[in-house]
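Letters A, B, C, D, E and F mark the chains as written, and numbering starts fresh at 1 in each.
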Amino acid sequence: MSLIKSFTEGQEITDFFLLKAADIKQTNANPPKEYFDVILADASGEISAKLWDVSSTDKETFFPMMLVKVKGVTQLYRDRLQFRINKMRKVTDEDGCSIKDFIKSAPIDAIDLVNTIKSVSSSIQDQDLRSIVEFCIAKVGDKLSHYPAAKGMHHAYYAGLAYHVVRMLELGEFICKQRPFLNHDLLKAGIILHDIAKTEELNAEMGVVTEYSLTGKLIGHISLSSNWITEAALHLGIGVNDEKTIFLQHLILSHHNLGEWGSPVQPQLPEAVALHYIDQLDAKLQAVEDALNSMNDSDEWSAPVRVIENKQVYRAKR
Amino acid sequence: MSLIKSFTEGQEITDFFLLKAADIKQTNANPPKEYFDVILADASGEISAKLWDVSSTDKETFFPMMLVKVKGVTQLYRDRLQFRINKMRKVTDEDGCSIKDFIKSAPIDAIDLVNTIKSVSSSIQDQDLRSIVEFCIAKVGDKLSHYPAAKGMHHAYYAGLAYHVVRMLELGEFICKQRPFLNHDLLKAGIILHDIAKTEELNAEMGVVTEYSLTGKLIGHISLSSNWITEAALHLGIGVNDEKTIFLQHLILSHHNLGEWGSPVQPQLPEAVALHYIDQLDAKLQAVEDALNSMNDSDEWSAPVRVIENKQVYRAKR
Amino acid sequence: MSLIKSFTEGQEITDFFLLKAADIKQTNANPPKEYFDVILADASGEISAKLWDVSSTDKETFFPMMLVKVKGVTQLYRDRLQFRINKMRKVTDEDGCSIKDFIKSAPIDAIDLVNTIKSVSSSIQDQDLRSIVEFCIAKVGDKLSHYPAAKGMHHAYYAGLAYHVVRMLELGEFICKQRPFLNHDLLKAGIILHDIAKTEELNAEMGVVTEYSLTGKLIGHISLSSNWITEAALHLGIGVNDEKTIFLQHLILSHHNLGEWGSPVQPQLPEAVALHYIDQLDAKLQAVEDALNSMNDSDEWSAPVRVIENKQVYRAKR
Amino acid sequence: MSLIKSFTEGQEITDFFLLKAADIKQTNANPPKEYFDVILADASGEISAKLWDVSSTDKETFFPMMLVKVKGVTQLYRDRLQFRINKMRKVTDEDGCSIKDFIKSAPIDAIDLVNTIKSVSSSIQDQDLRSIVEFCIAKVGDKLSHYPAAKGMHHAYYAGLAYHVVRMLELGEFICKQRPFLNHDLLKAGIILHDIAKTEELNAEMGVVTEYSLTGKLIGHISLSSNWITEAALHLGIGVNDEKTIFLQHLILSHHNLGEWGSPVQPQLPEAVALHYIDQLDAKLQAVEDALNSMNDSDEWSAPVRVIENKQVYRAKR
Amino acid sequence: MSLIKSFTEGQEITDFFLLKAADIKQTNANPPKEYFDVILADASGEISAKLWDVSSTDKETFFPMMLVKVKGVTQLYRDRLQFRINKMRKVTDEDGCSIKDFIKSAPIDAIDLVNTIKSVSSSIQDQDLRSIVEFCIAKVGDKLSHYPAAKGMHHAYYAGLAYHVVRMLELGEFICKQRPFLNHDLLKAGIILHDIAKTEELNAEMGVVTEYSLTGKLIGHISLSSNWITEAALHLGIGVNDEKTIFLQHLILSHHNLGEWGSPVQPQLPEAVALHYIDQLDAKLQAVEDALNSMNDSDEWSAPVRVIENKQVYRAKR
Amino acid sequence: MSLIKSFTEGQEITDFFLLKAADIKQTNANPPKEYFDVILADASGEISAKLWDVSSTDKETFFPMMLVKVKGVTQLYRDRLQFRINKMRKVTDEDGCSIKDFIKSAPIDAIDLVNTIKSVSSSIQDQDLRSIVEFCIAKVGDKLSHYPAAKGMHHAYYAGLAYHVVRMLELGEFICKQRPFLNHDLLKAGIILHDIAKTEELNAEMGVVTEYSLTGKLIGHISLSSNWITEAALHLGIGVNDEKTIFLQHLILSHHNLGEWGSPVQPQLPEAVALHYIDQLDAKLQAVEDALNSMNDSDEWSAPVRVIENKQVYRAKR
């Protein structure tokens, strides 16, 4: 099996891929001809591809997010590798392929991630905080197991959100040992809930965000998470003006730190300061790690990484 | 009766004032002596004052927000007028003074302002929006009649909040006539609720903000208003994901326009754009009008006005 | 008649349009062939189009800003609708078409707009201010009836400038009733003159700006308007150092509010503050209204609107 | 004669000084006593001083900008040297003092500076540019010989404006030799006129700015200079739309480079780019030189210099 | 023993303190009298104090950073507690006081901190990196055991620098376990050296920075640390252009992340990203912890904390 | 001989050019065909060109930075002139062409520039400064004679760096005459060394930067130059903490003035202030001069110039 990430120029390939996009376009010729402008993907990356002669059957056969078997050859076009498809067919049951093997995922199994989150959640000793967290986890339902953490900034893949939360919980535990003055219950609750309304802000399938939802655009995940806490408190009979409720909302609302980054208030509780910087540390390092993993074997520099000022990262020889 | 705003140097004054602040301080002398460092106020302005010989009776007699009769003289100190108190006594019932006459107030009676707001509120034709607005008005209670709109930026006086809302409602009505594509119901609701949680964000008495509340600092009035709408919707059985609920929250959340001004999302509904600019127009012009009203008769330039980049405003001769 | 804004994919069209642009280009074929890359427009919008086989007669027949009759079909290309022209001919007198029907215009007739401006101008009671305003209106000549208010930000169509001014005058009148301390004469003069030198800053035809003029680039409309006032004052024998002259120049110079938005001084007169925020309110709401009017019937979100931070606007179902 | 700049702690002084400020203040004692809070100055610097026992005669004798003879002693107060006056009297004719000897001045004689400016002005070969420049020089009158270039940023002393212009003319001549593509006439005109309206923007006496004028605040020297050019062109029968007029106005309007620094347009002519950077180079270096000259002999670091980001400058031992 | 942090109004105190500052000042009386304006400190905080009658012996007896025994009383002055000293004497050997007990220190013993740093340093497996680190540690000498990490931002106390480094090393170890793709050797070296030249940038005694050194102002600790690495490499015969040398310099140079925060280059190695965010997390949380520790027992809100946008931190009741 | 800069549409050309780039690409045809996408250059400018039928011999014959003789015709494509190559061959010795004649160069001969720099260098009277400068010049070697000063901002051509330095030295000499308080030795050294490590930061051939080096990206020329001075001082036995060494490093480190422009410290020596503004003046004016020189004969406005806020420059008719 050949990973897309390891493709080189002029290679002949016959293999299974995910048809991530499949647009019918027309050449500039007169009369114009139709062709398929395609993105092929596997878990290692993706490549732009063309299928030049498109029959009317083809147009009714191939659709995005379908698994296909293709035969073709890699070519260099404007300094970038692309793929010329000579043959393409749908995958059948006999091929024994599962879509989960062709998409990017967190390196830890989604079920394990969700279990960890639930287990940490049930370890929160303050009953009110625990109930609010569990109410929100229940509200998310099974999206918790597969949602990405963002559209493209970081953790943008299957179970990316849960993976981000789990790593932050580990860091939070370490920091609370280093600094016992921090309220571990509050920090745990803040970490689990900080991005939880991304499941309402974003529309995503198989770990890929297709768009922001109407609610996502008009309210945003920060205020949505805060609304969920109000809803949970009212439902559970916890006062919306109780310090616990206010503190937890403060953590969520302030976790982007500055107004220009989307936070209507700035951190003023120790745990809010901790939450912001734990989030930063995890998001930035993951974005760097993902960028390194997406590099072709021959590259020295990664693609520009948005969350570190669009800088490229250098991969040292080991 | 002599208005503070019209005081000139070397004037002898015997009159009633509000004792807005009254701190006991010590001179640098050795041994130090105690004196009262005082702020006297009336509806036209305020002046710093000193009462040099303080008896122990005095210390148990005079407290902030008390009405007093004083006798003394104005003096120039470091280019600013201040007042030297020679005699001071508490006001008695016979003096027939009411504290309301000594504080800054909106130029329209508070009762009329509240009635206007309630009347506009009941004119909202959409039943859900109307119910949410009325729920929030009920929640505020009588604070609606006397709260200021801010600590010092604009409308910082008795009934300033209600006055700001009424003026904006007038403007909103005009704009909706000019531009019928706007949803007047939604704009009315947005105007009435946009600053309503300032009553929870700020602690205020007699139109003067003493401090931000804990909730005010940690959540802020923008997110608090949004929370109130969630609460109202849940209480009234309106869906928290209904477009009406979302639209109204969007108006509140986006009404400061930019992240660095406190809004976690930016206006994306026509009424949200209208709300922001109506708010701006009213707040800035009121701040200018208030600054002109606070000028001494002999001044050409007002004090710096914070909401217009700390610029001073020139008062033309008419 | 089919409006461009309502075109859908695969529609056959035979109708009149404005040929807004008509560039001769070459295909990548070897040898390359020439084709027309065209923009067709009507009052509802515009669409990119191609005429693939171009004869040498065609090249001498078709030029921008000409009315044409075309026959062709709509196609989807890279997710955007474009038009394939099969036949195209010039419009003849018998077709009975007028170019005014094919361009975007203000919703009020240009003559009425100009009359309103002149009528408000003659209502200015201060004789000096009135004379300066009338001098500038005379200087602009008939450009006042058709110039747009900007290249693309807002009011970018036939008579857009006059429409913007009229709406602002209405708002100004309302505000002066709300706040009688404002000098209505000065505000009227400021509103009429604030963008008047756009007629010198921009080169425009039929409501479309083709480019900035040399003077526009080197001086800009703000300083140009200020120069015009100096010129008017000298011509009319009004002192250039009279408060009226200075106040009016101050309103013009400060109406963009901040230095980074082009104003060399910041508002320091009440009417200057009013002018800036009235301008803002009108420009932003008009940009939103125009964006909604330009949406295709099936869209939920408008194109990004530059003057509101490039945000898209959501169109609610009514 | 003892220079203020060389004063050390505990020194007894009897000498002539300029009474730059003389405020009557009151001690905190009860009853308070009056004293003179004074600034003494000579050409080398200034020092804060107190005269503790003030008679009513004193109050009618001593006023700012008067020359006095004082006897007293230097003292350290809150880490800064100040002066305790024991005796003070007005200067008489017999003392033979001239105020010019007690104020900061440009290091070149004002008459020579003005002559240089006029001589360069008459060397401008283009007749229109020369006439405009000469019109403006005539308009300024004798303020050209004594005005400072700013309130405190740089060249804030007697003849500072003329000195700044002369140094820039020298630099401009050098640059035009290095780069013959520059239009020397235009650059000369731009240098002479770039700050010329500071004489209208600022109210100044003896090289010291007391305040901004009304016109200065509302219009600013950049737009004022531009207005002057319009006035000159109209008066001289030169077209206000002639390239020369526009170019010269462009140089003036753009010479602060960015909008946030006060320029409504940015440099787009080579001479405008040259003018801005010549102005920068001269202003910054002069501010540094002035800061070094104001240092006490024992200091290693100057006071913070506003125009170089409030940095202090280190004076190396030679 | 009474801790300064627990002082309340009107308390009589007789105890040992550090005389952190002792300035001789003069009253405003006529003739003025001399008094001592003093800062008394212990490990819990500091308080402003006055000794009103100063003899000439006193002036030769008391100097900053001396231990004293004082008797006096606490007073409220302008809302702040201060201390009136009635008696003061120098500490003698019999008093058995050590200055170390009166200054703020890291909560871990300096010797242990230094040992940890040295031990981590010797655990670096790459010989070149280890040698460079050890060269720099040797160059710092015993300053490593007592220097603060900053003038006032964070870790501003005895051994603050070493404490900051040790905590970061712990965090670095944790992160390298979470993310094995990171080069632990490089990160260890970067953490130890990132602020090491603060020992040259700042002049400090007993954990208190008195001022920036000349080199500190002109070069800054970031470039100084980079210079040290060049020096180490040349001394040790390691190529200045070796990747190791360059990588380590990159970590140091980029550790403030952005240009406006002092870094001439931005992080482009994974370890550089890690270093920046580990530094942030530790510095911010320590500043918050220090602010909480400095609060009086009755406070709800801390003093403004500079490194978190000057926000105050709320201390929840436990 | 026809200069590229003077090409007009439809011109037939047979001449020698530099093949600055030569990429093999494929048409969109099916099957795709290969063609050469080429940039032809001479000293006056460059033009995009196509050679449509590429043989396999061609692919082994033509490479970038080779001189060729071509025959073809100019065409307009998307409003820009490009060139269609009909014939192309390599240059032979008989053609008598030298690559130096086909690239952009400084207007002064490289040898003369280097001689000037060395001569100024040897005129530095302070022996330590002179030795450090000469050490660095020796380290650069012959790159000094041909390196450009930047990738594209200014002086981006053969010997651009040396030309920039020489012009700045001339300006520096003039300024030191105007202001004798400046240390001319230090300024000379600063000017020569300020950009010297661009020779290590950039990879360049024939005056064209191909990319930033690894060291250039991770360290940057500012810190590299500072490192070189450390190296020079250690090698020459000059103290790295001597004021001279520190001063020179300060000049280099601060010469971009602000942190966001890449300087880790800001100018705090008079010569550092001078260096920054001399650098600015020379770089901006050169960028403008180069932009004017690159204009086609028929243009009125230059291409946008990056270093002056991307503004275009107007070329006045003379």
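We take it that a residue touches a chain if its C-beta (ideal position, glycine included) is under 8 Å from a C-beta of that chain, and two chains touch if they have at least 3 such contacts.
Per UniProt, the chains are A, B, C, D, E, F = HD domain-containing protein.
Quick caveat, the model's predicted, so the values are computed rather than measured.
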Co-neighbours of chain E and chain D - touch as defined: B, F
Copies chain F and chain E - interface residue numbers shared by over half, same or different: same
Chain A to chain C, mean C-alpha position gap in Å, rounds to 43
Per-residue multi-chain contacts in chain F, two or more chains: 28-29, 214, 217-218, 243, 247, 258, 268-269, 314
Chains touch in the following pairs A-B, A-C, A-E, A-F, B-C, B-D, B-E, C-D, C-F, D-E, D-F, E-F
Which positions of chain C touch chain B when the two form their complex? 167, 170-171, 174-175, 178-179, 181, 183, 243, 247, 258, 266-270, 273-274, 277-278, 280-281, 284-285, 288-289, 292, 308-309, 311-314, 316
Residue set of chain D touching chain C in the complex reads 214-215, 217-220, 222-223, 226-227, 230-231, 234, 240-241, 243, 246-247, 249-250, 253, 258-265, 268-269
Complex contacts: residues of chain C adjacent to chain F: 23, 25-26, 28-30, 214, 217-218
Partner chain D, residues of chain B touching it in the complex: 27-29, 33, 35, 52-53, 75, 77-79, 314
